[in-house]
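The structures considered in this document are given below.
Presented sequentially are two complexes of subunit A, the first with subunit B as partner and the second with subunit C.
Up next, the complex of A and B:
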């Protein structure tokens, strides 16, 4: 257990972000800004059809266009590459290639790639490629896709159900039998996606003499899994150097987006020149491999008349699209916090992962748990409605209490700490909940449709790798998910921290590292410089995602700092002739406890360490002050063989209460926010301002999911929202002003008691917006069971609710 | 190559001459020909505003303008905002208020804010939200951008006194 330092100097300060000056000057050094000598450009030809056999491809016209260096089609792809890395169930039955080989399985699937001297010519050449498609029947509805006789996305699989299983945790039968109230609903969460403003890109360079492949890339974080990328590229694992570039946003969608770097690498090796490939927006929308969850639920919740929640029965069909690269890891995420903050005793979880003719799923802020939050909160509200309870009362009644932590939920995951009633009270105060209800009462009297939503939900952080495979019985998967850092204090006493994953997505890794290093050594954050190391000389790293980075890097820094500090103490103790235990790091010095004037500056000690070997104590073997540290997940356990207990895999669990007040115009279906309050508990906060930025940004994305964004496919598999004209990202006019509050309940298991907090906004907002809209439409008895809640849907629901019942 | 045109433009005060294809976008001209990569491309279809630059005093989306259309024009990009490595008050305010996260929308946002504060030096929150509604930010949820623009307006008012 981490000991909690009583007072901290830098952790908890809203220092300005270290990253910002270069971004404000237009010097972000994104991958698309990179130019290498002799660099050429790639573009891809995407399939216009959702499902078709590729009868023939004629690229001769494209190849003869001046400026074209190469055209690669699916015909050549098996010579140039191995299949793409795939963590799904039995990949040999749904093999994924970097370009479609025999048939296309969704609109937008790449069928050919062109390399040319500039991007314009590469795109011209794509238009000259003649592909002869034989259309096949299309399946876009996952329920249809499950039926016998449905068109098969992958014939070798013999079905479109890539995976199905029913998990039972606890005594579900008993809890439902004993329940006094059971509510049921059919819920629909449509597919949306991260849509970072910067797309995925890579610049690859291959040296045929050394066999070294260098790929600059904004979209791959797991450095210890890069041997899989090397395998796809048919190069030895020690001949790949992936150099991380800062990303212009990710929200999960760049944690392992390997198609683009693999494509660039394959082409660079083929043409012998550096190749840049950056998705355009249409590529990113249609074929990013990172669409979000797309789920159809039938849910039952069992409760007692007094409002006590007993059990949850979930049947979920998830439309994964044409491939299933991460298996059903998004449901592992769901199971991490499937009971929410409540003492629900048992859960049944029946899962069908279905393949259809759509772009495959990947990661999007929440990684599936945001959907579960929405489902649980929707069902709790339904129980409250059934019992005539206030949403506040039912939550208060069922919360896990502060003294009950660490708390193990029925699935086996553990919640480390929390104070849910405390967060609720803060939110009620901040929102003036009673005042809002009063305002609502008056508005209703005036014939206005004002609604108030209140939700309380979890934000798990720091996944363990077991999340990705426990849904298999066999084989057993990996259990490591480390993060590493190298710390170096130079002879001037300045510190450089090297990070190894693709760490910058728009959060604040450099700021956070500077604050933590400053805390450890008691120096100023401005004395810390942060750089990003390539994978070839690098240490194992997992990167951001699953809100893990701050905790994991803080742990690595503490480990590396400890090693450096021990060495410095030995040197200082030798010099000052004082026992190391009597020395302390304070105010940029090593000084004698109680006699602060007896001290050496860090610079003095560092100079000795590097330049004066003969002044060092004899037991110091090496000059210099540098330390590596690889920090492994601080708390994870194995799933039980029968999977009735999944072990601890996502244990640092934050919490939030959001309250929203909206007014709905029942003539147009439009809504206006009157209030939006978010109170979060993310354990110890490192930089409050940047945490607030993450929360508000997440609220904006959650609002997109709740009200605006959807990848809409037509029945013949055409993506109808393939541009920002139709895929509606909230603007400054739609996103409400968010009032934020914090409660800090430190984790007993993490460095400084920090909990991850990058996803919370999006994990809360769909639920609170749904509740608020439903409450606004309460006079009609409308039930909100689908997102996005478009104006058309609001009008339709009102109409259906008013229609005379037979 | 067909269809080449000689153009002259002034960008951030410096004159440039170039021969370009008529289909070359202004954004690509700035980025690939002049090396001014601070102007970003988010959508290339005129919706996101990341590529916003100032052309003869008005913001344009440089993904919707051909380089040849800028012949003879005065252009300002994000690289022209700071003077002698001194941040513009807008940049200072964005830094202090954390009006950015990934920074990809930021150059376009700064250009739009620069134009807007010239039109309206003392805007309300609502007016700012409306003014930047054509610039998408996927990271921040806009609130700190709005605060930054308000703060910049105050700083600029002080500076011009």
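Up next, the complex of A and C:
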């Protein structure tokens, strides 16, 4: 357990964001800014059809266009590469290549790649490639795809159900038998995606003399898994150097976006010149490999008349699209907090992972848990409605109580700590809940439809790799997800921290590192410089994802700082002739406890460490002040062999209560936000302002999922929302002002008690918006069971609710 | 997302532009604010071998009063028209409608003429031009001609302009005394093209009856739709919520909306009923209470 320092100087401060100056001055050095001598440009030809056999490709006209260096089609791809890295159920039967080989499986799937002297010519050449497609029957509805005789996305699988299994945790049968109330609903969460401002891009350079492949890239974390990328590129694992460039947003979608760097690498090796490939917006929307969850639920919740929640039965069909690169990890994620903040005793989870002719799923802020939060909160509200309970009362009644932590939920995951009633009270006060209810009552008297939504839900953080494979009995998978840092104090006493993953994708890793290092050494954050190491000389890193980065990097910093500080204390102890335990780091010095005037500056000690070997104590073998540290997940356990218990895999669990008030125009279905309150408990807060930024951004994305954004595929598999004309992202005009409150319940298991907080906004907003709209339409008895909620759906729901029932 | 190759001209006078267009039509496209054309050519949804950039032609940028109308040069930025004191005093319906045209950044580049000549059926300005009985001035090799707004818009992205003709000016009649106006629009997000938009003007007779009503809708068919039957039903009537509701229902029968991703034709008709009623009520309020 981490010891909690009584008072902290830097952690908890809203210091100015370290990343801002270079971004605001246009010196971000993004991958598109990178120009290498002799660099050429790639573009891809995307399939116009959702499902078709590629009968022939004639690229001769494209190849003869002046300025074109190479055209690669699926015909050549097996020579140039191995299949893509794939963590799916059975990659030999749903094999994924960097370009389509025998057939295309979704609209937008890359069919050919062109390298030319500029991007314009590359796109001209794409238009000259003649592909002869033999159309195949298309399957876009996952329920249809499950039926016998449905067109097969991958023939070797023999089915479109890539994976199915029913898990039972606890005594579901008994809990349902004893229940006094059972509510049921059919819930639909449509597909959306992350939409980073910057798309995925890479610049690759291959040196045939050394065999070294260098790829500058704004995607891909998991540096300890890059041997898989090397394998796809058919190069030795120690000949790949992936150099991270800052990313203009990811929100999960650059988590493991390997297609772009692999394509650039393959082409650079082929043409012998550096190749830049940056997705354009259509590439990113149609073939990012990172669409979000697309789920159809049938859910039952069992409860007692007094409002006690007993059990949850979930049947979920998830439309994964044409490939399934992460297996069903997004449902592993769901199981981390499937009972929400409530003492629900048992869970049945029946999952069907279905393949269809759509872009495959990847990661998007929440990684599946945001859907579960929505489902659980929708069902709790349904129980409350059935029992005539206020949404506040049913939650209060069922909360896991502060004294019950650490608390193990039926799936086996552990919640480390929390104070859910405390968060709820803060939110009720901040929102003036009673006042809102009064305002709602008056509005109804005036014939206006005002609704108030209130939800309380979890934000798990720091995944264990087990969530990606505990679905299968055999073989077991990896159990590591480390994060590393190198700290170096130079002879002037300044510190450089090296990070080893795609660490910067729009959040504030450098600010956080500067604050934590400053805290460890009691120096000013401005004395800390942060750089990013390439993978070839780098340490194992997993990168941001699953709200893990702050906790994991803080752990690595503490480890490395401890090593440096021990050495510095030895030196200072030797010099000052005081026992090391009588020394302390304070105000940029090492000083004698109780006699602060007896001290050495850090610079004096660092000078000795580097330049005065003969002044060092004899037991110091090496000069210099540098330490690596690889921090592993501080608390995970293995799943039980029978999978009745999945072990601890996502244990640092934040919590939030959101309250929203909306007014609905029942003639048009349009809405107006009157109030939006978000109170979060992310444990110890490192930087309140950047945390608020995470919450507001997450609320905006959550609002997009709740009311605006959807990847719509037509019945023949055409993606109809292929640009931002049709894929609607909420703007500043649509996002309500978010009033934020914090409660800090430190985790007993993490550095400083921090909990992850990168996904919380999006994990809450769809649920609270659904609840608020439903409450506004309560006079009609409308039930909100689908997102996005559009004005037209609102009118339809009102009509359906008013229609005479058979 | 790069355009195919094209030849680019940047004339500095209207005469040069007209002659370049005559030389290269029909493969040439005039480039005004570029807010629609540039995305179209980058998506390679439209291809033109010649682009004639009008942005250096300062003589096409003006707003002036002429014979009871307001004449706006085709290259006048939407933002200038929106901010124009003359416009807000004489044709405030245009000011109000412009606030729905994209976002401020778009309106700083987008032009009044560009929005009219592009003729997107969901765009605001064509509906305003139709509601107010504007005239559009075109210039080609044969000289200048004037086209009433009601005859200018032919269908989606299609106008009465010949391939070698440039839209150079729009003339909008000033609102008469005792007139009230309203522009209401429903879109998924602020700044999007309309799901349905309504431009309404009510002119009252001295006795308070409706002397004349003008109603035009965008997002309601292949081109801006004038709701003539609803207008006729209002003419001479005593204004009331009931009359406005009836007018809304009549107007909804006059439009011919499509279904798309954002709204079905059914929904468009339904909200058109509501918007027409609300727009008429607001126009009437302004006609009686002043602005």
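The working rule: the second predicted complex is superposed on the first by the 806 of 806 C-alpha atoms of A that agree within 3 Å, B and C clash if a C-alpha of one lies under 4 Å from a C-alpha of the other, contacts with A are read in each partner's own complex, and residues count from 1 in each chain.
FYI, a contact is a pair of C-beta atoms (placed from the backbone, for glycine too) under 8 Å apart; a residue touches a chain by one contact, two chains touch by 3 or more.
Everything quoted here is computed from the prediction, not taken from an experiment.
*Asks:* After the superposition on A, what does A:670 contact: first (subunit B), second (subunit C), both or neither?
*Replies:* second
*Asks:* Go through the superposed model and pick first if A:280 touches only subunit B, second if only subunit C, both, or neither.
*Replies:* both
*Asks:* Tell me which of subunit B and subunit C touches more residues of subunit A.
*Replies:* Touched residues of subunit A are more numerous for B.
*Asks:* Applying the touch criterion given at the start, work out whether A:120 contacts subunit B, subunit C, both or neither, answering first, second, both or neither.
*Replies:* both
*Asks:* Applying the document's definition of touch, where does A:731 land relative to subunit B and subunit C: first, second, both, or neither?
*Replies:* In the superposed model, A:731 contacts both subunit B and subunit C.
*Asks:* Touch check for A:209: first (subunit B), second (subunit C), both, or neither?
*Replies:* A:209: touches no partner chain.
*Asks:* Look at A:720 in the shared chain and tell me whether it touches subunit B only, subunit C only, both, or neither; answer first, second, both or neither.
*Replies:* A:720: touches subunit C, not subunit B.
*Asks:* For A:790, is the partner it touches subunit B (first), subunit C (second), both, or none of the two (neither)?
*Replies:* second
*Asks:* Going by the contact rule set out at the top, does A:7 touch subunit B (first), subunit C (second), both, or neither?
*Replies:* Neither partner.
*Asks:* Do subunit B and subunit C touch any of the same residues on subunit A, and if so, which?
*Replies:* 119-120, 280-281, 723, 731, 733
*Asks:* For a test of understanding, state which residues of subunit C touch subunit A in their complex under the given definition.
*Replies:* So the residues of subunit C touching subunit A come out as 1-5, 39, 43-44, 103, 186, 188-192, 261-264, 267, 270-271, 274-275.
*Asks:* Applying the document's contact rule, which stretches of subunit B touch subunit A when the two form their complex?
*Replies:* Result: residues 21, 23-24, 28, 31-32, 35-45, 47-48, 50, 77-79, 81-82, 87, 91, 94-96, 98, 100-107, 110, 125, 128-130, 132-146 of subunit B touch subunit A.
*Asks:* Hey, which residues of subunit A end up touching subunit B in the complex?
*Replies:* Contact set of subunit A toward subunit B: 16-17, 19-28, 30, 32-33, 35, 118-120, 194-198, 246-249, 251, 280-281, 504-508, 689-690, 692-694, 696-701, 723-725, 729, 731-733, 735, 737-738, 761.
*Asks:* Going by the contact rule at the top, pick out the subunit A residues touching subunit C in the complex.
*Replies:* Its residues touching subunit C are 119-120, 123-124, 127, 280-282, 667-670, 708, 712, 720-721, 723, 726, 728, 730-731, 733-734, 790-792, 795.
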